[in-house]
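One chain, subunit A, appears in both complexes that follow, with subunit B as partner in the first and subunit C in the second.
What follows is the complex of A and B.
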């Protein structure tokens, strides 16, 4: 059997891919640096002009996402609790159910599922909104008014995302624990007092700290990456391409960072 | 034309400015001064270079040769913060209006005031309300741009561009896509602005004849160069072959039209 492998071409493609990725990282780095530099003009900023953007973005990212988030939290919480209660006794480790819930839901699933919901709803919406505004020359119009678009567009969305994500993670955890408990009592019975005590025993200050840390990191990264890709399109037909890239790349970054934080604090 | 300025001096000066984009020479060694209080109309055919005049003045065109001075200071020397601050000093009515689509008429006009001014929120609201009334926009003050007619878009954009009461107002092609019956409020407001002392208006247009009541100076560009710079009377007489050809929309003359 004859196999043709064009080694130089193959290597060339890999090199091109690496260079393209490197250029992307560099471009994102310069974008972040330009935002940091624009903070010099924050003293000229009247925060009242950001107020409505923060309120609208918090409502869209936080309140409007609640029904979807609560359903997902309920289902995930119920699944984890049912699996734990039906399988742990087989191994004689039913006393660790609380620890497992805290580990799985509060430390990992809560922040991760919340981030995924926010990326798919708000990340895509932010990227599409900014891209459309860029194409409609609204961003140019803001710049011509002497408005620092980096602060005016990105800063309020970061503030809103941090507030919304932190609140959503807390709500996700509560719904997953207690909703899951209510769902699970149809199959296994656990006294509510025992359930709560198990959870409280398993919780530590570290878990709360990490929830805040993850809210901060995701709250900054999701709008930052969404705006980065939102500002990229040079024509209308590029908008869906960059919106899709914004969602995929943000999800990738979120998973990598989540794994990194877990390794850093729990390994 | 005698362009000696009043003691308040020149608000904008272009000195040997040339500008190219993707290898095409769009502005070719232009030098012109605009005095504070002077109203000026730039006109010319498509690709004559008039569409880059405002962009050069506001430092939005990118790199160019020569110098542009605003209030005596070269804009090339401005850093990013200075650019934002200097842009507060003028109003800019873009050709496509540049309104923010997720804001209604009221909020669009209020935007520069909320961002830049030291007025309280109540004072901003009061000022915008009076602007809305002045421009006869009360009936659509809570509508978003997608629900506005062309003349309402024009008036909203005009209201926003003069919200900070700038010394210099730049207007690009305001009447090109308008029904002239619907723009009387705008024309009247523009006339008031142009007649106000120490307020300058620069209008970019393909229809200079509509501004003879407003402007005292007309400048024509062709292939990036100034081919006419004269008073309203000189413009109306149309003795310059370029102006004559332009006003008569003739194919015969010094300009080769496609």
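What follows is the complex of A and C.
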């Protein structure tokens, strides 16, 4: 027996939204579980085929993103130093610039900006590539050949993404530090040795551990979410919608995780 | 031999470069140094009238290094950084001071490094120490002369103050003894008066006693005595 109740429109929408989010989370959970389960068939995969995908993906996600990443790092490092010179007293700033760069660039902006670059370049590309492959029935063909597509498609991309993000974060930090340094010597002379020593003093093993942890988390999540949305489209028209959703959701997740990690370790 | 494709080489370099930098970072962070038995420390000075390349750096009179380079710095105001190459084995702490001084009256300038009294973290390579300004012998003698003159005038002032105080104390003591004398005179005078008063009281009491005896013996006669 059903009881009909008059529910206002906006409450209905909120409930629908919550239910849809919950269904999405559930679906993502089953997707992750299915990937973990598929690890038992890893022995049937040829190392060479995985290796070539990892190399190509690392090149695309990492090396091809380097020029863009270096320009952004240089600009960010410069911006931080310009703000420091404008808003802080000039006296004694030489001992403070290293700390400032480590706090802002290495701890927060470096991993976050790198993740954003990877999401916008590679996340969208992975989602679009897999969506197109699905529509062209390439994924189906692989499955018909007995290949575990989840492992064959997602695992090498996760490995490549972890490697690329880790290297990109380190390169981003170095470029931002030296960009900041080059800009700072136009107003305050700091010997390069002093600058490097200040950076070394300010950058702790805890920061290093967090950089590795973040690159690991982002490296797993970005291809995972991109592939999840890449496998979703049921027609060619849905491809751009899911690619856009992949980018937006990944960015949201990354920001939330970044805030969570910062709160957990620095608060 | 394994042949690597161009892509693989690029990816390998891309992975190895950050790993190498991380390793260098960890090694440096653990306190190891790639440098030799010497380290470079910067001395920040306003003028280089006394310091030159080769100026000795000493700790308690023992030479531990020398100035190898002087770098002019134009920002924010003109100053100089003297690069001191010193031995690593001598432990120098972070809050050490660098005094630029003459070895003797006609000797060369030396930089004397002085450790703080308490042990602190070791002075790291490329640390910057603020140099305490060089003072020449003539200026020092002039300062000593000025100081002696000031001390002499201070002693004179103190002597005047003590002389004035002495006479004041003498006057004060004189006044005090006079006051004591006055008080004792007053007390002596009062004593005589008191005896007189007591005597008068005694007389009055005697008269009253006589009256009361008479009144007891002849009350009517005593009362009527006045009417007659």
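Convention: the second predicted complex is superposed on the first by the 248 of 267 C-alpha atoms of A that agree within 3 Å, B and C clash if a C-alpha of one lies under 4 Å from a C-alpha of the other, contacts with A are read in each partner's own complex, and residues count from 1 in each chain.
The definition used in the following text is that a residue touches a chain if its C-beta (ideal position, glycine included) is under 8 Å from a C-beta of that chain, and two chains touch if they have at least 3 such contacts.
Everything quoted here is computed from the prediction, not taken from an experiment.
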| item | value |
| --- | --- |
| Which of subunit B and subunit C A:152 touches, first, second, both or neither | first |
| Partner chain in contact with A:254 - subunit B first, subunit C second, else both or neither | neither |
| Which of subunit B and subunit C A:44 touches, first, second, both or neither | first |
| Which superposed partner A:200 touches (first subunit B, second subunit C, both, neither) | second |
| Partner chain in contact with A:112 - subunit B first, subunit C second, else both or neither | neither |
| First (subunit B), second (subunit C), both or neither touched by A:217 | neither |
| Partner chain in contact with A:246 - subunit B first, subunit C second, else both or neither | neither |
| Comparison of subunit B and subunit C by subunit A residues contacted | C |
| Which of subunit B and subunit C A:138 touches, first, second, both or neither | first |
| List of subunit A residues in touch with subunit B within their complex | 37-38, 40-41, 44-46, 48-49, 52, 129, 132-133, 136-138, 140-148, 152 |
| List of subunit B residues in touch with subunit A within their complex | 58, 60, 80-81, 83-88, 92, 94, 96, 98-102, 107, 111-112, 114-117, 121, 160 |
| Subunit C - residues contacting subunit A, complex | 7-8, 10-11, 14-15, 17-18, 21-22, 25-26, 28-29, 40, 42, 71, 73-76, 81, 124-128 |
| Subunit C-touching residues of subunit A, taken from the complex the two chains share | 55-56, 58-59, 62-63, 66, 90-91, 94-95, 163-164, 166-167, 170-171, 174, 185-189, 191, 193-194, 196-197, 200-201, 203, 205, 208 |
